[in-house]
Structures are given as C-alpha cells and as structure tokens.
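The structure follows.
Every chain is named by a letter (A, B, C and D) in the order it is written, and numbering of its residues begins at 1.
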Amino acid sequence: MTEDFLKIQNVSKFYAGVQALDNVSMTIGPGEIHCLVGENGSGKSTLIKIIAGVVAPNGGEIIIQGKSYKNLRPIDSINEGIQVIYQDLSLFPNLSVAENISLNQLIEEKKKIINWKEVKDIASSVLLTIKKELDLKEKVENISIANKQLVAICRALLRNAKLIIMDEPTTAITKKEIDKLLSVILDLKESGISTLFVSHKLSEVLQIAEKVTVLRDGKKVGDYNAGELDYDNLSFYMSGKKIDRSVFDYHEGADQKTLLEVKDLSKKGQFKDISFKLRPGEIIGMIGSLGSGRTEVALSLFGLNKPDSGTIYMNEEPVKINSPRKAISLGLCYLPEDRLNQGLFLRQSIQNNVVVTNLRKILTKSKLLNYSKKHEYAKMWIDELNINVPSLEVAVQALSGGNQQRVVIAKWLATDPKVFILDSPTVGIDVNSKSNIHNLIRQLARKGIGVIMISDEVPEIVRNCNRILVMADGRIVQEVNTIDITEDKLFDLVSSNSKNSEG
Amino acid sequence: EADDTDFEIVMVVKLEGVAWFDNMRLGVEEFAEETGVNAYQIGAATADPASQIALIEDLIAKKVDAIIVVPNDPVALEPVFKKANDAGILTFTHEASNQKQVTFDIEAFDNDAYGRHMMDVMAEDLNLEGEYACFVGHLTSTTHNEWVDAEIAQQQEKYPNMKLVTDRIEEQENQQIAYEKTLELLRTYPNLKGVMGSAMSTVPGAALAIEEKGLIGKVGAYGTCLPSVAYDYLKNGAAKSIHFWIPADAGYVSCKVAWEVLKGNEIKEGMDLGKPGYESITIQNNQHGFPVIYGQAWHDVTAENVDDYDL
Amino acid sequence: MTGTISKSQIQKVFNQNEAYLSLIIVAYSILVTSLNPSFLSFENLLDLGKSSASMGIMAIGVFVVLLSGGIDMSFTAIAISGQYIAANVLIASGVDNIFFAFLISCLVGLSLGAVNGLIISYFKIPTFIATLGTLNVFHGILLTVVGTKAVNSAQLPDCFKKFGATNVFTVVKPEGGSYGLSIFTVIFIAVALLTWFILTYTQLGRGIYAIGGDMEAAKRSGMNVFNIQFFIYCYVGILAGIAGVLHVSLIRYSNPTYLVGSELSVIAPVVLGGTRITGGSGTVIGTILGVAMITLLNNSLILIGLSSFWQEFFTGVIVAISVSLSSYQIRKSMMI
Amino acid sequence: MFDQYLKHSRTTILFVMMFGAFIVMSIFLPGKFLTLSNFQSIASQIPEFGLLAIAIMLAMLTGGIDLSIISTANLAGVGAALILTKYALPQLGAYEESYLIFLAIVSAIGISLLCGLANGLLIAYIKVPAILATLGTMSIFSGIAIVITKGYGIQGFPEKFLFIGSGTIFAIPMPMIIFIVCILLMSLILNRTSFGFNLYMLGSNPVASRFSGINNRGILVRTYILSGLCSGLASIIMISRVNSIRPGYGSAYLLQAILVCVLGGVDPSGGYGNISGLVMGIIVLQILQSGFNILSFSPFFKNVVWGLMLILVMILNFYSSRYSQKIRKRMKVD
C-alpha cells in the first residue's frame, strides 16, 4: 500500500478537568473511508479539531503526507488538503449560502479580490455534485438546520481536498440526502480522496466504512476492518455494553380520554389542516421530509408560533396557547430541535439549566431561592436521569451531547408535564445514550405522559412510537399505527411523499 | 503668632485644560510666588457639578485652609460648603454672585451690568436696529443665562428697533455646534445682523459661519470670548467686538481675598486688590445676605486693540 | 415550497431597515421643508454634507468594527490625538502642508489603532472593555503629556484653513457670497466607497464579515483572525486620524478636550443605520443614512422654529420613533 | 472547590487591587488618607455614583445598556424638587413638612419607575436595541427636565430633606446607609429571587430562556424599571446632597459608571456579573480617585490610571485563566 496520508501518534488532550484524548494513534490511507465512532464525549470531535489544527494537543505527533507538524495551524491543515465539516457546522450565519460554500476554496487559492461570479459558480457547481438546489443568495442564518448541514458538506467538497473529515454530517438531513452524501463519499474515494467519517448512526457507518476506529473515554479501543463488524459488536466496542434494541409496546390504558387534540390547525406558508389526537401513554411519531412543517406545528403547540386558525384542546377543553409559559402551565413542554441555542444556557451551570423551568419548587416560604434545595433538586433529576456530570456547578457546555440532551429533558420533566413534544431528541447522540433516552421516553409514556416525537430517523420512529403521522408540505398525509407498518414501508412512504413535494 | 504664609489655598475651577482656566492658574501661581502661600489650582476633567463636589469633598478631607470655587453649579455647592465651613475651612466663589455659605464671592463685575454693556456695544455697532440671536453654552449655565437675560432686558428697554429672533440657543461649549447653529440661523433669518455669544466657543464658531457665507460686514459676532481665540475673526471683521475679564487677575484677586481673611484682616469697600479693575472694589450683600465683591474688570476688545492682549 | 415564503419575508424585512430609514428621512425632510422651504436648498444640503463629513468618517470606522463583532469606544480619543498632535507638529516644525498634517494624524491614528488591535487580538480582551480602557489611556496621555492648550485659529497653520475652505466646485450666488461642494464631502464619499469596496470585494473584507458572523468558524476556516482584527483597529485608527484633520480644518480650532465623550453619538447613527450591534450584518449605505438622519435632526430645529428648550426633547422623540419603526419591522423575525 | 476558586479569579484580582490601592494610598498619604474625614468623604461620594452603576449593571446583565440613567435621575430630581419648593412654605408645620418630603420622595421614585418602564417597553416589546432606545429616552427625559426648568436650577429644600444627603448616623453618612441597604436588597433580588435568576438566564441566552418559558418581556421590563428605580434613588441622594437640581447634573457619571461595571466584572454582553464585584470596583475607583485628589494629580492622569487598570484586570484575567489550565493539567497528571 501507498504511504499513509495521515498519521496520528500518541495524541493526548486535556481540557479543564477532563482527559478528552489519551494516547490515541490512528492512520488514514489515501482514498480510504475511515469511520470514527464512540460514545458522546469519547473525544471524536477533539481528535478532529486536532487534525484540523484548531485545537493544540498536549502531546503526540501529527504527520500529514510524511510531514510532521509540531504546531499545526488551521491554514496548514487546509493547505495539506484537509477539509472539515465540523459538528457545529462552523458556518457564517451572516453570509450567503454561495459565499459559505465557496469561502474555503477562495481562502485556499489565496484570493485577495473577490469575484462574485466565481463565488456563485463554485457554489452551484458543488451543489450540482450532491444534486441539491439551494437559494444561493439566502443568508445561512435563515435556512433550516438541514440545509445548513448541506451547505457545510458542500463547503468541504473542495477541488484540491485530499482528506475530508465529516463530524456527524447527517444528524439533520433525511435518508434521501444521506444516501446522496454516501454516494458522494464513494465518488470521492474513486478520485483518491480519503474520508474520515463520524456518525452515531451505525447503519451509515456499517454501510460505507472500510476501516473503523473506536474510541471510548478518550482512549482507543481498536481499529477494525469493516468486515469484522456488525451493529451489535460495534455498539459493544463503543460502550462496553450490550445495547437494548427493544421496541415500545403500547398498551391501551383504561383511561382513554384524549389528552391533546389538535383540530384543523393552519398557518399560512407553514402548515395546513393539522388534526390529530394524543392519548395518555401514547408516543406519536411525526416524520416527514425536510421543511414538512413538523417543527412549526410543534412551536405552535408550545406558544411560539401563532397559528392562523384551528383549535387546540387539552383534556378536551379548548385552550389558547400564546406563550411558552401558558403551554407549560397547561402541562405541555417542548424539547427544541436546536439543543445548543434553544435548549441550553451553555455557559450557565448544570443545576441552573435544570431548575430554570421550575423555580417554584426551590423557593423558600418567603419566595426566595433556597440554594441547598436548588442543589438537591437538580441532583435529584440528574440522578433520576442518570446524567453523568463532574459537578453540578460546571457549565453545561462541558458536557457531552447525550448528557446535554438529558439535561434538557430533565429540565422539562421537572415541570411535571402531561404532554411532551420532543423535536429530534437523539440528534447527535450515541447509540448507548440514545437507547437510554428512548427508554426514558417510554418510561414517561408508561407513566401516562403523552409524547410527540419528531424525528427523521425511520427506525427510531418505528421502534418507539405506537402511532405515526407522516407529514409533507405542511400537511399530515397519512396516519398509521406502528403495528401496521415496517421500517421499509415507512421509508417508502416518507420518500414518495417528499418526491411529490419536490416535483 | 502664626506664620502669615502657612496657609493652603485651593482654587477649584470648572474644568481643567481649557485656555480660560489655564490663564487663571497663572494668576494663582503668581499669587503663590509673590506671597509664599501654598496656593494652587485644580479642576475636574469634565464640567460637571458632581465631579467638582467630589474634588471639594476630598479637599475637606485634606484639611486645607480655604477653598475658592468657580462653580459649575453654584447652588449645588451649598451643602458641601457647609460641610467645609463646619470643618473650619473658609469658602469663596468666583462667578457665583448668588452663592450661600461663602465668606465672599468675588466677581470681576456685576453680571447684569456686563450683559447690558455687551448689548450696548452690539446695538451701537448695529446702529440700534436689526435682528439678533443669543447663545448660551448650556441652557443650564447660570452666568450665561444672567448675561443673556440682561442683554435681552437692555435691548427691550433701550433698543426697540432691535429684535431677538429666537430663544437662546445652546451650543454646548462646542465650536462646531456654534458654527452649525449659526449657519442654520443665517438660513432661517436672512435679516440677522448680530450673534451674541456667552461661551468662549460661540464667537469663533459664529464668525466662521459668517465668514464662510460671505456675510462679513453684514452680520457680526459679539459676546464673551478671549482675544486670542477670536483674533483672526476680529481682524477679518466677522467678529466685531468681544468682552472678557482676565482670569489670571480674577484668580489672583480671589486668592488675595482668601488670604487676607485667613490672616484676620477685614475686606473693605474701596480696597485695592492689586490688579487692574480691582483697584476700588465695591461690596454688596446678595439676596441671601452673603457679601459679594465687585470689580469693574471687563475689557472690550475690537480689531483695533486686540493686539494689546496676549491672552 | 412552503419555506420560501417566510424566508423571503425575513430577507425583505432585513433590507427594509434601510428603506424605512430613507422613508423617515424623506418624511422628516418634507416636514421641515413645508415649515421652512429654505431647508431644501442645494446650498443647505452641501453645507450639511460638509459638517457631517468628520462624524461620518468616524461612523464608517465604527461600522467596520461593529461589523466584525467588536466595538470601539476609543476612536474619539484617537481622532483628537491625531488632530492635536498634527496641529502642534505643524506649528513646531513650521511645515505648512495639509498632506503632512494628514500623514501625522493618520500615523498617530494608525499607531493607537495598532495598540487597540494588539491588546484585543493578543490578550483576547472583549473589545468594549479594551477600548473603553484605551479611550481613557489615550486621552489621558494626550492631555498630560502633549498638553491641554487649545490651538486657536490665529495659531493654526494656514493649510488647515485653506483646506477647510476648499471646494470641488463653487457656485456664486447672485446676491453675493458663494457655496460649493466641499472637499470634505468628497473625502467622506471616497472613504465610504473605499470601505464598501474593501468589504465587498476583498478577501479581507469578507473576513471582517466572517469574524463578525462567527469568530471560531473564521479561525477554523484558516483565516488569520489576528491579522483581520489588527487591520480593523488600524483602519479605524486611520479613519479617526482623517476625521480629526477634517474636524480641525472645519472649525479652525484644535482643542484636545473636544470630541471625547461623543462616542455614543457616533455609534448611535451606525446602529440606527441597521448595523447589528452584535456584529456580522450592516451596510455602508445604512451607516450613511444613519449619519444623514442624525445630521438632519441636529441641523433643522432652528429652521423649523422650535424653541431651544424643546429641542432636546424633540430630538429624543424623533430618534425613539425612528428606531421603533425600524425595530418593529424586524422584531417578528426574532425568536426572543 | 478549586474550580469554584478559579471561577472567581476575576473577583480575586479585584479584591487584591482594592487592598493594594488601599495600602498604597495609606503609605503614600500618611495622616491624610487614613482619617475619619477622608473615609466620610469617600463614603458620601460612593452612594449616588454607586446606585447609578448598579442601574447600568442591571441593564448590562440582560445584555443591554441603559444610557438614560442620568437623565432619569435628573427628571426624577426635578419632579421631587418641584414639590419640595413649590409647597415648601416657611410656616409649614413639622408634620406637613415630613409629608411633603415623603411626597417628593415618592414622586421621584414614581417618575424614575415610569422612565424605566418606558425604556423597558421600547426594548422588550418594540425590540429596539437597548443602546438606541435609551439614547432616545435619554434625550427625551432630559429634554422634559429642560422644558420644565427652562434650564434654571431649582434650589432650597427643607432642612429635614437635606438630612438624606448630608446627615450622618453614628458617623456613617446617610447616603452610605441607603446605599448599603440598596446593595443588600439588590444582591437579594439578583441572587435569591426567581426574577434575579431568570434575569441571569435571559442575559446568557435569551432564546433558550424564551424556550424555557421565561417571560422575557416581563423580565426585561422589570429590569429596566429596577434600573430606573436605582437612578431615582440616586437622584434623591443627589438633590439632597447638593440642595438643588439642575438638568445635566451628574452627566460625567455615565461613562464612569459603565467603566466601573466593566471593571467590576460585569459582562457587557449579558448574563454575568455580581454586586460584590461591582462594589469592589467602585471602591477601587473611589480610593484611587480620592487619593489622587488629595495628591492634586491632574484629572487626566486619573483617566490614564483608570484605563490602565481596566486593561490590566483583563490581562491578569487572561494569564490567570491560562495559568489555571496549567495547574489543572498538573493536578490531573499527579
């Protein structure tokens, strides 16, 4: 075999109080599709940032194309042909789609003067390779998360790239786009470009990987050839545990009152005639293509997106929900799809993040905050949800994705909800945590909470819901009982409807 | 017997770093040198009563013997003066004829008389007719308001053919604003003949506008200003006549008054305080019963005599 | 597509800020003109262009900093330092040349700007804090070390006065007197154009937008954030230096205590012009409109015959109304 | 525990500074700095300025700023002064006089609350950026004050009223007592009430706070009202201390108040900062200021020192966070 493109030797990295990487070594050959897997917080992103020169390691060596770098800077890495799709995308929200896509190329070419036609051309030609259309002039802050992710992917597909690193590029996009991306990766391989691919969706990993490196707690568990791996042993390598892959079995309870009913809810340009019922203990899945309006409906239920017409009933009483406060007081809560911006106060402590929705419970009689109560209360929920935290005082941004998400769930459970709307609850969360979260959700349902789960992942929906609403173009196109459908059928249903919407 | 020179006399001015008070400092320093008394001048970086009070508070803590203040806001000083007096410190003011809680207020002249005098000069120059406008530094500046009040009163009493075009205009002691406001005045009132300034910055700002609009000879700037600041404009005719009193002299005289009182001497009507315009002072009690020393120390400056001044 | 409707709405609204501001300016101008027709004279507009040039140039500088996600509080101290040092050096050296004055003022601006740039990019101090610090330091040093004595028009070298009176073209009025397009306005326009060019057509300019959008992302994409920030503060410094010379040439007087303290009244028109205070978004046109609005307001109150006692109140009301109108349009798009 | 200590490194730096300033001044000004009268002087200067700084801090905690504090104080002062002088007839009995003073205080507070409300509504409901909204209201409030007074000061208040600004209780100046009460109350509000908690959360991420069901608008409005209240209290102390009111009084405090907030560790982008830091910042500033005044330093030199101090705190902060990372690493290795 030819010389390795990238060689990492004994790299370590400490963060405040955390050893993110511990003596990790890895190689990537030219044209190799290499996957990096591990639980949340196992150090994948850190390793990637080190390769990109964004984070300086505390020890170890990075050798790119035979050249050893002591002080790797982002620009060196880029010049060596390494392009990264960061987990947080690292796009420029205030710049247009076209510019975001072509910026790297322009920097790479050391252009001093911008030719806007060239910017557009680069962008549209890259978009062509993934067969996607986007409004090139739109600012990135105004497009959906899914489209942002596509922009980030496009940006990395540079002409001179030799290694493209993708840190969870598929969290927000649907099956169809994912398939396109995977085929692009195979194309890249043909032209000798290597890929380092990180994903928590093990099916994708198993689908394209040639080699897989598994990290656990900052240490390397091992390198494996794709052939040796299947879902079970891969998830076992990652977590050291066997993953529970059970299915939600819904028992119609005796209490068949409707908890939440939505009737003919419409909002111009977003959704139309949305009607459904939710009973206690149910988990309803909402699935659909991008922009099908699920988030908008959820926001309307949570008082953040005033609908034009339609009625919402809670416990068979019509209610008007005009603010999240009102929603919460009615027993509704919403886990937002954008965890980092909408769900968390990143720089605030974990306990503040947990108690924020429910201060009443930690006030003294004279309506003052009781610090020890606050601590206890937060601790209770952290323990209840098995969240792994160094201390309650630590800023929540120091937590791994899965733990962060569970903090958000904790904050909502603390309000004692009747209806819990979860918008993409397991995006970017590792298999083990994911199954923990799924279990958590099922437990909630068993306790009589009605759950609405929005997700792009067919298996997640099929395994965890008893009923599924398929949405397209702002409408519910089909409502099915989970027992009546298989994963494959649901795939077809979703993609056939999304085809309609594109046509 | 205590040493006659063993005193600490502090002059607290409105604002540090402006020509006016730089000049005043010269007088204070002259006094200190001449007499051997520890006299010096301080001021705040911004012309705000609050900062001035802070300075005085600290002087009280420092236990000086006499504090002379050129107040940004005379009434604001009363309580802190009371505190100073209670601590055995003598307080004086300059440019604050209505001050309470002072041993003496020292005035270069009577503000009312000065305002009327400035109006007389302008009226004469305009042949007793025409439109004019008055500026103040800040709408809240007492002295400026007193002058303008007197100017307007004098015009209404004596010069019926003259006309004030608009309420007093504020230029925030800023030459650019004086310039812009004058441009606007000239545009709004095409028959405007005179601009009367109170702050140091009005005359040059207004004169510049007059000059730029080619109105020299048709419109003139008048009012309080320093010769050096208005020099060019007096020479080219955009500014017609300016008035001022010499701050160094006022500084000197104020220190002198403080010193005499500290020594236990009496200040009497007709006394000579050793500077031109203060050769024969008059003393009157103000409405609150505190004594005010008046000189007759204003100077009228025109293109003819501006070269006589180096200030 | 369902999404496109809300999308284009949002975009329209963002561009609308400038439209709204223009509308307010036009409406206000109509009001003033109806009260006093002499407002809308060519002469008056040219005069306003001249008076607003130095503030406008500083505003452009502030705009660039705001765009990059920072803020500069020290530019007034830089402008006055440049101006005052230039005036004094010219007097001391006897060189009577406006280009020399610009050179000195810009050099002073550049070095003070560089100090800002270094402190900010090396120590990673929040820009607001750093420049609030240097505002005090620069001005304090100027006044304690260089001096506090103002330079009067009689002492001021002739080149400033000549420069201040230079018109690109002059119109002689039939009734005597003349007016014209001041070189100040031309410089202001040139600075605006240059800035627009840098921001739109150079990698550096896009870098400024980029770090305003997401600093970390800019680092990751291999931009030299240190250099970009350094450039920005140097650029503001130079613009402040230019503005300083214009200011002294306009009023023929250099007082080292002037300008400082007016930071917020320069930042305000920039924000009014639609520049996002958190960075990343804004346009040169918007900034110019903001400056125009404030200049208009400050130079029309006598014209409409408003008593001075009411002027401050009136100014406040107009500012409040215009910011409310434009904010009200944008607010719907905000999730907070 | 170590973490906790490091989190407060900024406070520690400030504390050391405060102590340092104190020691330096005591050594360099023997017999002048360490005197009762100097402490009284410092103590009577801090409160009105401190209250204004708290007003700014509150706005800063939400990620905004309140430029209208001085004009609010002026307007409130004018309101109170009008009542105090209009009805302050010499034959007034003690009871009426107390009633009058009470009325004046209530109206000053009422006006300042209204001013704060106006700011709050503009910022929370119309979503005007705070800097613009308060810049506008700054002109409006002081404009009203000027229209009312025509620029002339209002002076001469009842003797009893002056006690608020100049009186002492057990040698402690009255303003200081008011200030201390306010500090305590304000810490209580910020640290112990749900309003305070929500205020910090809103400041650190307004979107997330909206999504968490926090009433952002309500919090913002209340914050600016509270900020107005602090200005109102400052104005009562102010007018009583100087026995008069004139629009524009205290304008030099604005930038200084911002400076002291930042020095005291308040993050201008919101969410972080506490009263204790602010108070230390104020004390450092006041000690230096008084010391320099006693030393008769040029006021401009003071500016240099303040500016340097601000930058120095941040630079020390920069190194201390670097250093602490190293320490952590070593602890990890051990």
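Just a few scattered comments:
By definition in this document, a contact is a pair of C-beta atoms (placed from the backbone, for glycine too) under 8 Å apart; a residue touches a chain by one contact, two chains touch by 3 or more.
Here the structure is a predicted model, which means the values were calculated and not measured.
Comparing chain pairs B-D and B-C by the number of C-beta pairs in contact, the larger count belongs to B-D.
Relative to subunit A, the most remote chain by averaged C-alpha coordinates is B.
Once the centre of each chain is set as its mean CA position, subunit B and subunit D turn out to be 34 Å apart. The distance from the centre of subunit B to the centre of subunit C, with each centre set as the mean of the Cα atoms, comes to 34 Å.
The centroid of the Cα atoms in subunit A and the matching centroid in subunit C are 43 Å apart. Inter-chain centre distance (subunit A to subunit B, centres taken as mean C-alpha positions): 72 Å.
Multi-chain contact residues of subunit A (touching two or more other chains) are listed as 304, 342. Listed for subunit B are residues 16-17, 45-46, 139, each touching two or more other chains. Chain contacts: subunit D has residues 146, 150-151, 207, 209-210, 298, 300, 302-303 touching two or more partner chains. According to the touch criterion at the top of this document, the contacting chain pairs are A-C, A-D, B-C, B-D, C-D.
Here subunit B touches subunit C in the complex through residues 15-19, 22, 45-46, 139, 166-170, 174-176, 179-181, 183-185, 187-188, 204-205, 208, 212-215, 228-229, 231-233, going by the rule given at the top. Across the complex, subunit A is touched by residues 1-7, 10-11, 14, 200-206, 209-210, 212-214, 216-224, 279-281, 335 of subunit C. Listed in rising order, the residues of subunit C touching subunit D in the complex are 119, 123-126, 128-130, 132-144, 148, 261, 264-265, 267-268, 271-272, 277-278, 309-317, 319-320, 323-324, 327-328, 330-331, 334-336.
Looking at the complex, you find that subunit C touches subunit B at residues 36, 38-39, 41, 44, 47, 51, 143, 148-150, 152-155, 165, 176-179, 247, 250-253, 255-258, 261, 298-303, 305, 307-309, 311. On subunit D, the positions that touch subunit B within their shared complex are 32, 35, 37-38, 40-41, 44-45, 48-49, 146, 149-153, 155-156, 162, 165-166, 238, 241-244, 246-253, 289-290, 293-294, 296, 298-300, 302-303.
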